[in-house]
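These notes open a run of structures that come right after.
Shared chain: chain A. Partners: chain B in the first complex, chain C in the second.
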Partner chain A sequence: MSTIHILKERERQIYQKGNQPFDMVCEKVSVAGSVSQRACVFCGSRVVLYPISDALHLVHGPIGCAAYTWDIRGALSSGPELHRLSFSTDLTETDVIYGGETKLYQALTQLIDIHHPKAAFVYSTCIVGLIGDDVTSVCKKVEKEKGIPVFPVHSEGFKGTKKDGYKAACDALFKLIGKGAIDDISPCSINILGEFNIGGEAWIIRDYYERMGIQVVSIMTGDGRVEEIGKSHGAKLNVVQCSGSMTHLAKAMQEKYNIPFIRVSYFGIEDMAQALYDVASHFKEKPEIMEKTRELVRKEVSDIYPMLQKYKADLKGKKAAIYVGGAFKAFSLIKALKHLGMTTVLAGSQTGDKDDYEVLRQMCDDGAVIVDDANPLELSKYLIEKDADLLIGGVKERPIGYKLGVGFCDHNHERKTPLAGFVGMLNFAKEVHATVTSPVWQFTPRRDNSG
Partner chain B sequence: MLLRHTTNKVADRHALTVNPAKTCQPIGAMYAALGVHSCLPHSHGSQGCCAYHRSTLTRHYKEPVMAGTSSFTEGASVFGGQANLVQAIDNIFTIYNPEVIAVHTTCLSETIGDDIAQIAAKARESGKIPEGRYVFHASTPSYVGSHVTGFAGMTRAMVDYFAEKCGKKRRQINIIPGYVEPSDMEEIKRIAKLMDIPAVVFPDTSNVLNGPQTGKYEMFPKGGVTIDQLKTTGDSMGTLGLGKLASGPAAHALDTKCKVPCQVLDLPIGIKATDRFVDALRSMAGVNVPDDINIERGRLLDVITDMHQYFFGKKVALIGDPDQLISLTEFLVSIDMWPIHIVTGTPGKKFEKRIRELTSEIPGPVNVKAGGDMFLWHQWIKNDPVDLMIGNTYVKYISRDEDIPLVRFGFPILDRAGHSYFPTVGYRGGIRLLEKILDVLLDRQDRDAPEESFELVM
Partner chain C sequence: MSNSVLKKKENYTPTTNACKLCTPLGASLVFKGISNAVPLLHGSQGCSTYIRRYVISHFKEPVDIASTNFSEETAIFGGGVNLNLALDNLRKQYNPEMIGIATTCLSETIGDDVAMFLKSYREQRIDQRLPEIIHVSTPSYRGTHMDGFHGAVQAVVEGLSNKDFDARSGHQLNIFPSMVSPADIRHLKDILKAFGISYAMLPDYSDRLDGALWSEYQTIQKGGTDISEIKNMKKARASVEFGKILEGGRSSGGKYLKDTFGVPCYSLGLPIGVRETDAFFKVLENLTGISTPDRFVSQRERLIDSFVDGHKYVSGIRAVVYGEEDLVVGMVSLLREIGIIPVLCASGGKSGLMEKTIETIVPEYQPLGISIRENVDFMDIEKQAADFSPDIFIGNSKGYTLSRRIGKPLVRIGFPVHDRIGGSRIRHLGYEGAQELFDRIVNTLIEKGQEKSEIGYTYI
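And now, the complex of A and B:
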């Protein structure tokens, strides 16, 4: 692993913090042939809408797109679980030749009759874009016949990046907003955007806001319900996490419904507290909200602080590498790791923009590597060069870390314990501590001192 | 209950698949390509396909899975993917430096009509493929067949591109192991070795997708059949293709191309199918079956006789891939279990006929469907409950809702370890399968036994 080539085209997507000028290239499509960790437009739409649990999610395409997205995200529901099933029009050769509209119509009507969903989303996949099925008009027809909203999601895989998929999902959501009555909504009310209830995180966040005296009108889309989303235009503020996926929607709501939005993160102590304070200061006409918020933060932090100190004692000076989807999450993680006494030696994202990388650069120490759209070779190269003790990433990064003998924390949709909120910070510390200090590394070649 | 939506009433549903029992061709092609040494699979399509396949394979094997993608954009979809593929080939050889690239197509590139062979030839002409390196391909549109046929197509492509006949027979046998686990491929090699038969096993994912922890990240691990080995397959004494659907096309292609006689057998799962495999190896290579193998067979037989009272009359529901299900059904019937609901997601008429033959002695009705889904299978189970279910991880929902024990077998297994290391083929694999079946059946008996009949010795 002494030397690896970095493709010339990719040189400016990697930056090592030092003296050279910072001119990060990003937001470009992956170089053909690179083993990118990125996904497609469909993937982006699917992940954003997936947690709406009383809606029907029908994938219009060959079987694969539905099979690979069947219940792979732990987006928990407190009620219906229709979203966890997999529905596909399973297009075959004849459909590709003669068109899939009839099949789509039959599948949709049949499913609506069986499951009585509150709404339906129809995802277009690559092939649908090519054969030119008029998905929109099928949706309109079914909507009229069945009396529920049926939304086409224009998520043909090749029509951009995962970000464009987020946008297509936001467009579909936006059409749903405004359909419900809003007379019972309090003047101190918010929507939580970009929170998908992985491991039950949305419930933790909702609880915080409610304890502050804020009404949470809807969560988009964690533990989501069609009816709640339909009246989300009654909320007075949009609180946007995972900005990459939901800012588009927040902007659209601002324009149409005049609802301002703020960007937050729920990972780590500072960012979590900031997310609550920012909301509280938005409703300054009610000073008791800020009071309650202070009280809440004080209590929550003091609850976890002693344990965090214990973990920190073991983790001090350990080195972490971060490779996540959105750069915003990387910011929070760097701060959270600092709390645990750890330094970040590599920070990367699949979809960050130039400003994001500038923030990352400022946050990291000298020598840290910042990378956009990394491939496995690059990741492994820097993991070894920087002698990382921990890799934070998703499913495809996990075995790379383990093969090298590096601890791993899943901060993607396969995490099982909530990592958001104050309690999430404690869970995060616990998980990082468990993997970094695990005795299993004594057997791995890079840490083996026996001979 | 997660599957509360499953209704008892079975209705005709030809426009709709609910909870699929298959996935698409490209992932099978990718898996097969990983069984070639120093090969980078390449997905000629959108980025998402490649990411999904890699994620799914990673979850199943718990190993890094490498593959490139042509990263189609809207432009490529209008003007064709040639530029993307040529650039990809250039980049891959420059940066990742594999010996071979295995390109598979997707619904997108197939529908656009990209001609991969022609594009690869162009890349060769313009010097993008270094000397001694290769690009080969299989056509695997997602709207045809299933992951199994995708595997079969890529395996056949290995023959089409590489098998050569130089005229001098080699004392070796080609074994095409089928769409099985790396552990199974390893076991098949072990059996051949025990019988002193030099074998070219292809594809061979052992030591690629069940590799050791080395502290190093190797993009191309040690395992996999080499191109040089593949070239020699045209001079072998014969070919054994295991599993009609997954291995048949490659075995027949080798016969046609290089006149290597072939036999296509069932996957060697269970005692009878393994007997046929061992016997075919014996007669093809002209060797005797060594004692070691007879002992293994004897042990499997011993487990079967020792425990047969627990198997008798137990109703079983099976779901998975055709080649596996055929052998598994035969095995279960041979030990007096009753497989009564059998579904594969892969379409194909012969499957249903074969299963009907194998289950003809079972008392009561047997439901079988090729091109079915888990929803239908679940409905059958609701209407006629079983004692045991065998299938992939997705069956766990049904297992929980219906409170029926489950043995995980097939693809994908996302929530357990072991399948990469312990085979289910061969006599030893048979013992492992029985162990797994007995474990869940006896655990269930223990769980449900009233205290007075909860016994130490069962």
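And now, the complex of A and C:
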């Protein structure tokens, strides 16, 4: 497979664990002409704000950006489902020439009258940044007229990377925070940040914390509500998952509201348990919380342990490749895979930083490949070279694995199965087991010895 | 912003749940249907990633679409540098025979002169063997994915027709099938082969978007129309181009070849249902002087036989049909042949031709109470559908939510089919396609009736 060409500009974004010094380059814009698995600023904003289900999410621009993000994520709501609709100003050529403010104003007012949202987010797409629409002023005008908060989200696709989109979303969220009353909030209370309720994950996590005796003030943004987020400044601790997207907000809240934050992950047994213990330790003035936490972890782990062992027996020694958005998720996955007896032969992310990759390097065995902002060619090259049995990624990565006869587990936002929490670990194991042990691989060119 | 600027636009409503996609998606599909070609979107990273995700979810195949990855500086200073770099990198990584560039709304709005960029790119590399580089203008604020699709077909034909002299004689036929499924393309090829016709088809993504597993990674999937075949299209004896809306509206590959090289162009409807398929076979018979091979005669006979067997399940049934305008027009033709009333025919496209075109198929559409709506979204469709008390929905996956809310079944056709496996294998065209559609529609109605019944009949 030497035919797959690694671009010179990309060489230092790939590292193979071994003897060479670790000097990985990352946090770069993608090379022009490569097929990056990354998206754009708009995508980053949309991911973060999408699950707020009682807000209007209006995409200001031509139709594509709204069409491709219509109801594609598995973020569940226990109430309103406004987030599942795709709203666009659907700009046409004359708007590009004469400006889109009029349409934006009309779209906002009409949609607010129809759907009665609690707030509205207006996402600027590429051309809005070029034609010079004063989105902020239109938002202010509508806010005044309709009496709900209307936030511009400056998410023009080309103005940075997905990370800048996260930041733009956090900025919009931050403006929402502080609007609600906080008198009914317990001294043992948290916000859950960076949890998007894919397949109901936020509900699982909220349940754990509540069983520990902790009040969950808001979840940002899974099953999110404008009112809840508005009073999140009353919580005593921010618990941040998906740190790439939400640390910016946690820091802003620390500065303004003096709320400390911790970073956690809810994937895999260790990290899930750690996420609970860390919160319990924070509220150490109430030792009963730690007691309840220990009890909870004991019960949850013993519930899933026998089944995990069963899966492990079949999965032992199998090799996995991980390519996900944020590196933090990759850390958890490596540990979770170890629990199943599997080794990680490739670990990569779209947006990791140098420290993240150093951690990945330490966690992986010799020979493992660490990669930043990979493209399909690179992923394929290493799937084959490392003889992986499993690829963990999103929809764009799935066909790469399948074409080469490699099993696949979807760990992105499109999935419908909860993989977080202890029960999520069991789901994860079940899914990995289902794909890796499927008999279909015997017929694939890679494994077929009959011909 | 001042209040005077915000002068009300009459009749404007925002789009909720669009029944259309953006232009570069259509162009990317066409480039996927050309041998050793790679699509390159000139604009932001997200366009290529979103379109890839959308297309992958339907075809379940790797879909590499490169991007010139605009940054803020690129948007200010122009995309020339990025385009050059992208072309160099694509050549290094993929070694393609053709690069198809589609310009997104971003590069179009800043006014990138791609033709000039390409001219200087070629001049600077006069000593190198360059792939064909074709550019199609596809700002997403102009038209829908179908405009991107037809625009790309035309750009490829135009761009390659004027190239080097080729001593070969031309094929009997050029065929422009429009945006149909890989199974449809295979069926068309099968028909042409049975007639013994030599042809060039554009695009042909039947292998590249519905292919086998690989023993090693293919930088570019095998399959697609040979570039030399496209170059030779100007010498063909005739072209067949599917799409009545396309015929009446915009410019196209077939029209270009006719106007420029005098290649006669048969503009036909998508061959969906008996009559439109008959029209297609008639053209093939005229071109070749041979009569339709027995296989297809038998397919037609079996189809009619099944129409009779199943007619009572569908007679008078009310359907909502939505999707691309030409697909809707094709489906209306089939539905009227079997007695279904397409009470609402809806599309996100806005050619201005849909009503007129459907009238040629169903002159009595007004007394039948058929509503024909262009430029609608799924919100409009849902509002209208409720008034029409339909029995069935026919269209892509994106209508599932409303079919579920209204409590009537959805028969999935066209693109995208994101909630079922096998979107690539759905057949719409020819007698066999009509057979598959008819069976699915009838069985869907039977199943719905069976589920609703308290008896649980096993014998219908």
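The rule is simple: the second predicted complex is superposed on the first by the 448 of 451 C-alpha atoms of A that agree within 3 Å, B and C clash if a C-alpha of one lies under 4 Å from a C-alpha of the other, contacts with A are read in each partner's own complex, and residues count from 1 in each chain.
Note that in this section a residue touches a chain if its C-beta (ideal position, glycine included) is under 8 Å from a C-beta of that chain, and two chains touch if they have at least 3 such contacts.
Predicted, not measured: the structure shown is a model, and the values here were computed from it.
With the two structures aligned on chain A, chain B clashes with chain C.
In the superposition on chain A, contact of A:Tyr311 is made with neither chain B nor chain C.
Shared-chain residue A:Ala32: touches chain B and chain C both. Contact with neither chain B nor chain C is seen for A:Trp203 once the two complexes are overlaid on the shared chain.
By the touch criterion defined above, A:Thr444 lies against chain B and chain C together after alignment on the C-alpha atoms of chain A.
Once the two complexes are overlaid on the shared chain, A:Glu101 sits against chain C while remaining clear of chain B. By the touch criterion defined above, A:Val138 reaches chain C but does not reach chain B.
By the touch criterion defined above, A:Cys40 reaches both chain B and chain C. In the superposition on chain A, A:Tyr323 makes contact with neither chain B nor chain C. According to the touch criterion, the shared surface of chain A, contacted by chain B in one complex and chain C in the other, consists of residues 1, 4-5, 7, 9, 29-43, 61-72, 85-93, 95-96, 102-103, 106-107, 110-111, 126-127, 129-131, 157-161, 376-377, 380, 384, 395-396, 398-400, 402-405, 444-446.
Looking at the complex, you find that chain B touches chain A at residues 2-5, 7, 13-20, 22-24, 26-27, 40, 42, 45-56, 58-59, 62-74, 76-77, 84-85, 87-92, 94-96, 106-108, 111-112, 141-144, 146, 211, 213-219, 345, 394.
Here chain A touches chain C in the complex through residues 1, 3-5, 7, 9, 29-43, 58, 61-72, 85-93, 95-96, 99, 101-103, 105-107, 110-111, 126-127, 129-131, 134, 137-138, 141, 157-161, 376-377, 380-381, 384, 394-396, 398-400, 402-405, 444-446, going by the rule given at the top.
Partner chain B is touched in their complex by these residues of chain A: 1, 4-7, 9, 29-43, 61-72, 81-82, 84-93, 95-96, 102-104, 106-107, 110-111, 114-115, 125-127, 129-131, 157-161, 376-377, 380, 384, 395-396, 398-400, 402-405, 443-446, 448.
Residue ranges of chain C in contact with chain A, taken from their complex: 1, 5-9, 12-18, 20-22, 24-25, 40, 43-54, 56-57, 60-72, 74-75, 82-83, 85-90, 92-93, 104-106, 109-110, 139-142, 144, 213-217, 219, 398, 401.
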